[in-house]
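Alright, structures below, take your time with them.
Shared between the two complexes below is chain A, which pairs with chain B and chain C, respectively.
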Partner chain A sequence: MSDSAARVEGLRVSLVRDGVRSDVLRGIDLTVGRGEILGMVGESGSGKSVLALAMMGLLPVAADPQVDGTIRVGDVDMVHGSPEQLRAVRRNELGVIFQDPMTSLNPTMRVGAQITEATHDSAESIRLMSAVGIADAPLRFTVYPHELSGGLRQRIMAAIAVAGRPSLIIADEPTTALDVTVQAQVLDLLRELRDEFGCSVMLITHDLAVAAQIADRVAVMYAGRIAEIGATEEIIHRPTHPYTVGLLRSRLSLDTPRDRRLLTLRPETASAAERMKGCAYHSRCPLAVERCATEQPPLAPASQGDTAGTADTATEHLRACWRTVADVQGYTHETSDATPIASLARPGASADTTATPAAPAVRITDLTTVFALKGGGRRKRQVHALRGVDLTVAAGEAVSIVGESGSGKSTLLRVIAGLAPATTGRVELAGRGAQMVFQDAGSSLTPWLTVGDILRERLRPAKLDRAAASRRIGDALEAIGLPETVAALRPAQLSGGQRQRVALARATIIPPSVLLCDEPTSALDASLAASVLNLIRELRRSLDMTVLFVTHDLAVARLMGDRVVVMTEGTIVESGDADDVIHHPEHPYTRSLLASVPDIGVLS
Partner chain B sequence: MFRFIVRRAGSAVVLMLVLSAIIFVLQAVSPGDPVKAYLGANASPEAIAAKREELGLNAPIYAQYLRFIANLLQGDLGQSFRTHRPVLTDLQSFLPATLELVIFSFLVAVLLGVLFAVSGSLRWKGGALFRGPLLVLAAAPPFLLALGGIVLFYAQLGWLPANGRGVDSSSPTGFVILDSILTGQPASIGLAFQHLLLPGVVLAIAPAIAIGRILRSSLDATMNADYVRTAESKGLTPFTVLRRHVVRNSIGPGLSMAGLQLGFMFAGVVVVEQIFSWPGIGNYLAGSIPVSDFPAIAGVTLVLGTVYIVTNAIVDILQVAADPRLAA
Partner chain C sequence: MSAAVPEVGSRRFRMPAATLGAHAGTRLSVVILVALGILTLVALFARVLTPYDPVQPIGALNLAPGSDGHPLGTDSIGRDILSRTLIGVQVSWFSSLVIVASGLVIGGIVGIAAGVFGGWLDALLMRFTDLFLALPGTLVAIAIVAALGYNLQNTLIGIAVVWWPYYARIIRGEVKSFAARPHVEAARVAGASRTRVVFRHIVPGVVPTAIVTASLDIGNVVLLLAGLSFLGLGQPAPAPELGADTARNLSQLLSEWWVPVIPGLAVLVLSLLSNLGGDAVRTLLARRR
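For the complex of A and B:
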């Protein structure tokens, strides 16, 4: 028996997407040691999820995968093995936890039956349910997934994953769809599974901090290759690849300076073909030299003294970069030259809001919203989404509303926007009304309209002639940092970050008094999210808007609001100056939220 | 689940009351005078007056409706002006032929529809050779299909009969295939089946495509669902994944469409029965409409409406059985 749970060698995968074949993985060498937790970190499109699917032998047939190299799990090569062999490996050697436990469990099958498909024994299933921390396992054995909370569903997934005592659990963004408090529980659970069952864990995530919480080693992926891999401590505190440095610097924390623009990675400017020639990161890399554009750097030991032969490959720190470690680390320690958001320093903007009582932009008095759930026989179930909310927002103020799913924060925003009914209470809005930016920009833009059409629709009340409207659209696009040519494109032709910018342009082309933002960045990669957050803060100043910003992320809340309001179960439990609430929380609920935030600082 | 069934059955009863009211109103406002239709154009005024009294047509309209409902509950649908027999007796003799045709046709439609969906979704080799012609045929109106079928299989090839049921309809239950099986007469099973084949398939083509396309798109969606990937990650065989995880989750839209199509087939059967001289209620209806035989028309409408309502109630119940989230 080897000392590794899985060994990937020279793995190349190309897939067909939208009729175009592209190289998704371009030479991956990787070993997952026994009992090790390996964090795989990368932005969307880095190939980390495709790697997971390839290791399970479940690459989507519809994408006509072409695979080179080997993936050994146990004694089987998952690339070349027969379907029967692959199924046997999936049954006996591998366990999987996917991102969204709601969609990853069969909605029409009782959870016990779904676990038993993997264990073949219902007593064992119940034992596993208890083992992954499900109270009253025998009772919950017969419920359907929709009758469980998100955290419990993910535990059911974990029970399926550990069935059959796998040697490796692959967890693909297991916490991304969950609230922070639940996220912390699931990460603890993964560590316990490793400790109790002795299995290895491959934790795939876009968030370095999540990986840093529990991983022994971290691999950073970029454009289908490993950019850097090494012990978690090394990667977090002594990164040697400019991309890792960029990721760490663009990550928001509870101490990110609030009066400066957030650091972002440079946008991609090279074409796919150009990226493939040299280091894929070269066009975004602040340290790139000529060689980076033409020659692909190999994955080599980070410490000069090491030679590949003598070092222990399981713990070695490797990097793929032409610049020296000293160059990169010199850059790391450069003082950030982030520009302050000039107008942020508008004298007395937030400090004087109490002293100069401007007319409030939003005044909410004793607002309750009750939703009746349909059906269910005689007992009509009611959900109290909001229970007596009072909130006054001064003109020009920015307020962040934080809470977990089900706290009522999004409902509050929707009631203010007039998209959901108020059962009792009052909502008063000043002047030019409110506009809303939604979480999923992709589905909030009409797919068959061009960006120009979408913006023109909003201009209709202004009754502009065609030329004036086009000018206005051009200006609006310029204000959000997109070229005028984007007006002719449809949403599907844009990237996620660009779509969210278009959604912002739609909301602000006729500047509203109040801009309502419902988690506008939570679906975006860290760097893109940072650039959208910068944009919202700038628009707020230049268009003189009041902003209500709903988020589940405390770091984002602190950054975007002069004031932070904490909600749970339909009520506001704490409200105050952003830094006060984050650094000196008073309510126990706020404290429990803060305690669950994964923070890189925790390591040191 | 039980409560859901009770509620669904309750709403079916209400729907049938509404249907009966509509039929009654149509009957009441129709220009043809039922008494003249019944007695003939040359009847004496006294005979007409007497008959009006006998039929209760002088009573106020609500009383007439109550009587209509009371009669209905006792199985009295009135007398056909054309056949001079109780409508109920007529329906009893014609309905089994129609049920046999429609049920056979429906089974063919479901079979073809499932094949259409599965061959497309699982990318069977050569599946397009089956789906292409089916799509082309479905584009033709049923009467054209029927005539084409007769020309080809009856007139040219001589493989299939084009007319009637081939076996005496006055068998014990009226379902000739069922009777032939019960009485052990293989020859008449074959004969009845031959007669059933052409009209049955003609009636099935369009519903088959409707069911097939809906089922295909829900199969495709389900095959891409995250929980199917979870099932595959457990190392289950493709067949087990299909049987335990895909079928139940993709059956809903197919069930709705099948129920809807079954209703349409009872309407479409009128044309097909006429072309193939099929002795069913479609033919009966077609004969009754030109002579304003209102009790007969109302009787057939009531039967078709009832079938439609009951079918949809069953579909709703099956859907809840397939997906527990709907019962919540």
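For the complex of A and C:
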């Protein structure tokens, strides 16, 4: 037995996607110590999930994986082991928790039976269910996955994961699909599992703050390589790689200045081939020098000289960057304040808007929405999505609506947009009506129409001729920061951030009075999300729109709204000035939400 | 450690068959569709390609294939089998296409109407469809032909009447599933009219499924038509028809086998090609997406 739960050396993986072979992992060296929680952090496409699959020996055969290097879990080589050996490792050494517990649990089996598949003993299963914090375990033993909440399902996954007494649990984005309060519980659970069962945990996440909460060490991945790895304290407070610095600084916190542009990483400009040659981050890096574009930096100790040779390799702070630590950290200080943008100043602060009380842009009176659920049984079940909501939004005001899933916040938006019915109550909209931006931009754009077709549709009432319409489309695309040529592309040819920009262009090509935003950035990486939030704030000023912004993220809510409204169970429980609500919450529910926000403090 | 480093692409991690198979699938599909194209051209120009009049006796009786200007021989009254088979293929092939097209059109209208409007119209149209699905299709077709008289037009009407419900079902389901997608809501919020939402944001998504369903269905129609004709429900004699030519000459199966077998083989080739063609269309459309 070795002293590590898993050891990865020189791992390279290439996969075929859409007929094109690409290098997904490009030389990963990594050790997960026994009883250690290692956070793997990276944006989408960084290769972190492929690493997890490779460690489980479950790379998708359809992608024709070519693997180079070694992965040892326990004593077995996961690259060359026989299928029987790999199965034995997965059964005895590994536990897995996936992002979406609904799709990874079998919907046709009772949860107890699913745990018992791993434990072979129902008494042990019930004990495990209690151990992962499921109250009334004997009762819950016989329910189906759909009868449980998201948090409980994730606990069932955790119970299955620890059933075989694994030495390593791989948790791939286990909290991403969950509400903040539940997210905090699941993270606590992972730590408890480590403490109780002594297993190691590899926590894969796109959110540095989530990793920082429970990880002993954090590895930051970029484009299939490790950019920086070290003790959590070190990475969070003394980052030495420009990418880590950028990630930390584009992260939104409850103290991010509200009147400034949010910091974002530079957009990628290099082609895939160029990125492979040198440091993959070089075209986005504000500190890049010539060498960065031509030569790949090795992963080397961050503190050169003094500790070389003596440091424990398992906990050493390593970085892959040609610039010196002093250069990187010096730069951090130089640009620690973003330029304030005059046009982003709050309109409510100027005297004349308060002096002339214009008609409100949105007036909602005693709004109730009841959905009848069809289903088994004779009695029709009713869900009260909204229970008497009153909300008035002044023209030009931005209001954030926060709440957890099921709070009715999205239903409220859908009623305003006319997509859901109001059972009782009134919704009055000013002037040019409302437009909406959806959570999943990709699926909100018709896949077989071009961007130009989609935008032109909103211009139809204006009855412009072809040339004028094309000009308008070009202008609208320019306003959201995309080249005119995008008009000829279909949504599938765009990246996630570009799709959300196109959705914004559709909403604003004829400026509406009210812009409704339903979690438009929750599916985007932090830096992309920040740039879309910047864009929405700019458009709000330049087009003089009222904004209703629904989100589950309190930091985003505070930034996007002059006012924050907190909803739970279909009612508004708190409403007030954004900073007041966030920093001096009055309602107990708001306080519990705030207490669950993972935060890593301000970057020094 | 260097000894443990595997060569890139060691056997276990290489599945060339899968990728090659994908390419081969595309190529094979194209070949099949080209073959179907040639078949359609042959059917289209069958009148020009036939060496003899298919209806008039022109040679010795029961000549074996390959003999004396008759590549496929002659039948019991001296008609050229190649000529009769070519015309039979023409009738079979275009009739099948007409039936499938009628199924697409009628089923498409019913399915789109039911899927888009929903409510009582949906319920009404779907119960009506269920009614037709519950009837034994072939028997109803036979009854209709028997009632209207034996000729090609009535056969086609008979089959068309029972053929659309299947399409209506599938298209309604697809319309419903597309109508529930976020991009349809987004189009509604963006102010698109109902007609526009249906024909720009829903129907184009249904088209690929409808095409695949239809192309997989052509073979069924070929067989049904041949079957009806075999039972004597096609065109009256002496019109050349594949099913009828097989049935009428069945007594010669042991003496002059080619007379009944060749039209039968033509049916086999037709239905096989159209089934392969259906698969090919599905493969190519799936690749495009």
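Going forward, the second predicted complex is superposed on the first by the 584 of 604 C-alpha atoms of A that agree within 3 Å, B and C clash if a C-alpha of one lies under 4 Å from a C-alpha of the other, contacts with A are read in each partner's own complex, and residues count from 1 in each chain.
The rule is short, and it goes like this: a contact is a pair of C-beta atoms (placed from the backbone, for glycine too) under 8 Å apart; a residue touches a chain by one contact, two chains touch by 3 or more.
Keep in mind that what you see is a predicted model, and the values were worked out from it rather than measured.
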item	value
Combined model on chain A where chain B meets chain C, clash or fit	clash
Which superposed partner A:103 touches (first chain B, second chain C, both, neither)	first
Contacts of A:503 with chain B and chain C, given as first, second, both or neither	second
Chain B versus chain C as contact partner of A:89, first or second or both or neither	first
Superposed model, chain A: greater residue contact from chain B or chain C	C
Chain A to chain C touching residues, read off their complex	9-10, 12, 16, 59, 61-62, 64-70, 77, 79-80, 417-419, 434-436, 438, 440, 443-449, 453, 457-458, 460-461, 503, 506-507
Residues of chain A that touch chain B when the two form their complex	56, 58, 86-92, 94, 96, 98, 100, 103-109, 114, 117-118, 144, 146, 157, 160, 163, 373, 375-377
Footprint of chain A on chain C - complex, ascending	1, 4-6, 8-10, 12-16, 18-19, 181-183, 185-192, 196, 200-201, 204-205
Residue numbers on chain B that touch chain A, as the complex places them	3, 7, 225-227, 229-237, 244-245, 248-249, 322-325, 327-328
